Amino acid sequence: MTRVGPEPIVLEDALRAVEDPSCGGIAVFLGVVRNRHEGKRVTKIHYDAYPEMANAVLARIEAGLRRTHGAKAVYLAHRTGLHRVGDASVVVAVATPHRGEAFAACREGIERIKSELPVWKKEYGPGGAVWKEEVALRKPARRTSRRPAARSRRT
Amino acid sequence: MTRVGPEPIVLEDALRAVEDPSCGGIAVFLGVVRNRHEGKRVTKIHYDAYPEMANAVLARIEAGLRRTHGAKAVYLAHRTGLHRVGDASVVVAVATPHRGEAFAACREGIERIKSELPVWKKEYGPGGAVWKEEVALRKPARRTSRRPAARSRRT
Amino acid sequence: MKIRILFFASVADAARSRQLDLEVEPGTSVGGLRKRLERERPGLAGRLGKCAAAVNQAVAGPETVLSEEDEVAFLPPVSGGAR
Amino acid sequence: MKIRILFFASVADAARSRQLDLEVEPGTSVGGLRKRLERERPGLAGRLGKCAAAVNQAVAGPETVLSEEDEVAFLPPVSGGAR
């Protein structure tokens, strides 16, 4: 299950989404806004996103985690809009039969989100605001080879 | 913060315990009772524990995670008593400035709990109940070299 | 033919716009569109080269030829986050 | 001198008891206590050898000499859990 939007991230939703009686391990990563970045004070963060594409990328990451790590249930969400210090901006939750796979899948999930998701971060501090545009967006590891349909042909 | 006892594990408690404005990453591992173990159906689990020692071991693991991985906040809990399928029996939550450390600390936390914690598992299934006593309890990696005080001298 | 263009983050700030509907010649490629936008829209000069492009929400190289109704997004670098 | 002994899991089942207060000679070691219990309490024969021991809640080897009021726990192997 995936989700990109302005609603706050609720950990209990993530947990409910990954309940699976065959799974003994649930690994969760929560990214939260912290009060410093590279030595500078941060007061808030704004996340811009391309939501339709971001949801498609999350769905592809979810499929990859199921295929590669045997994840039985996956919840991936990224919040958009304004965040205060301590607010969660991203969550990855993965349920697997055993714990090793849960950690591996969760780690891969957050790394792929950080490099493939079309979501951008604007950091606010005492010195003003700045977009943190540092790493070229990575083309997803796997994608359908078929050229995607144009707007008018989708829905 | 550590906790061993019969109360249900509540993830929100774990999260509240590891809130830290200097931390951008929170990794959580949740161990839940699953419906199969080594191919056999499991209906419930009973965890026996030596609670005073288990709490001391958890506190030592917490100190180790702070020292080795720079964890700023740690929550470790193991539930005792009867568990149904889907119930959480153990949780490890760690907050660190960056995500790599959070994963490493969380993984080390659950591995140490599984090998050092004096907690025992009795598995119930259609064929009856059996204690899963498989791996010699490991002496904690670090402990005080001072011989611990006898009962009467503690409190 | 008509296409839709999307801008984000610092590029949207520079373009003073998040969305633009444009007429282009059949046969126009992503790379050709990028050059035209940098030339025609002063705020964008030098800004699109660092962006990845997506056509209909899938990352697409500069040689990709556009079709009627395509949605072309210019995607700035992301923060990557501190590991 | 008096000590307290704790049993857990399958060993508690076998001992039909979780706790036992016992008089032992000064100088008794963990290993000596283990032998005595296996000999004197039929349910425990062959059961304590696979256990680790803790004295006052810290893992202790068989050579550890006990003191008045010590709490000695016999700790069966744990499940370890499937990695």
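Going in written order, the chains are labelled A, B, C and D, and every chain counts its residues from 1.
FYI, a residue touches a chain if its C-beta (ideal position, glycine included) is under 8 Å from a C-beta of that chain, and two chains touch if they have at least 3 such contacts.
This is a predicted model, so every value here is computed, not measured.
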{"item": "Those chains which touch chain C and also touch chain B", "value": "A"}
{"item": "Centroid comparison with chain A (C-alpha atoms), farthest chain", "value": "D"}
{"item": "Cα-centroid distance, chain C relative to chain D, in whole angstrom", "value": "73"}
{"item": "Averaged-CA centre spacing for the pair chain C and chain A, given as whole angstrom", "value": "23"}
{"item": "Chain A-chain D separation of Cα centroids, rounded to whole Å", "value": "50"}
{"item": "Residues of chain A engaged with two or more neighbouring chains", "value": "24, 31, 97, 99"}
{"item": "Numbers and ranges of chain D residues touching at least 2 other chains", "value": "81-82"}
{"item": "In the complex with chain A, residue positions of chain B that touch it", "value": "11-12, 15, 19, 21-36, 85-86, 97, 99, 102-103, 106-107, 110"}
{"item": "Interfacial residue positions of chain C with respect to chain A in the complex", "value": "4, 6, 8-10, 12-13, 50, 52, 54-59, 67-71, 73, 75-82"}
{"item": "Residue ranges of chain B touching chain D (in the complex, touch as defined)", "value": "31, 37-38, 48-50, 52-53, 56, 114-115, 117-122, 131-137, 139-140, 143-144, 147-154"}
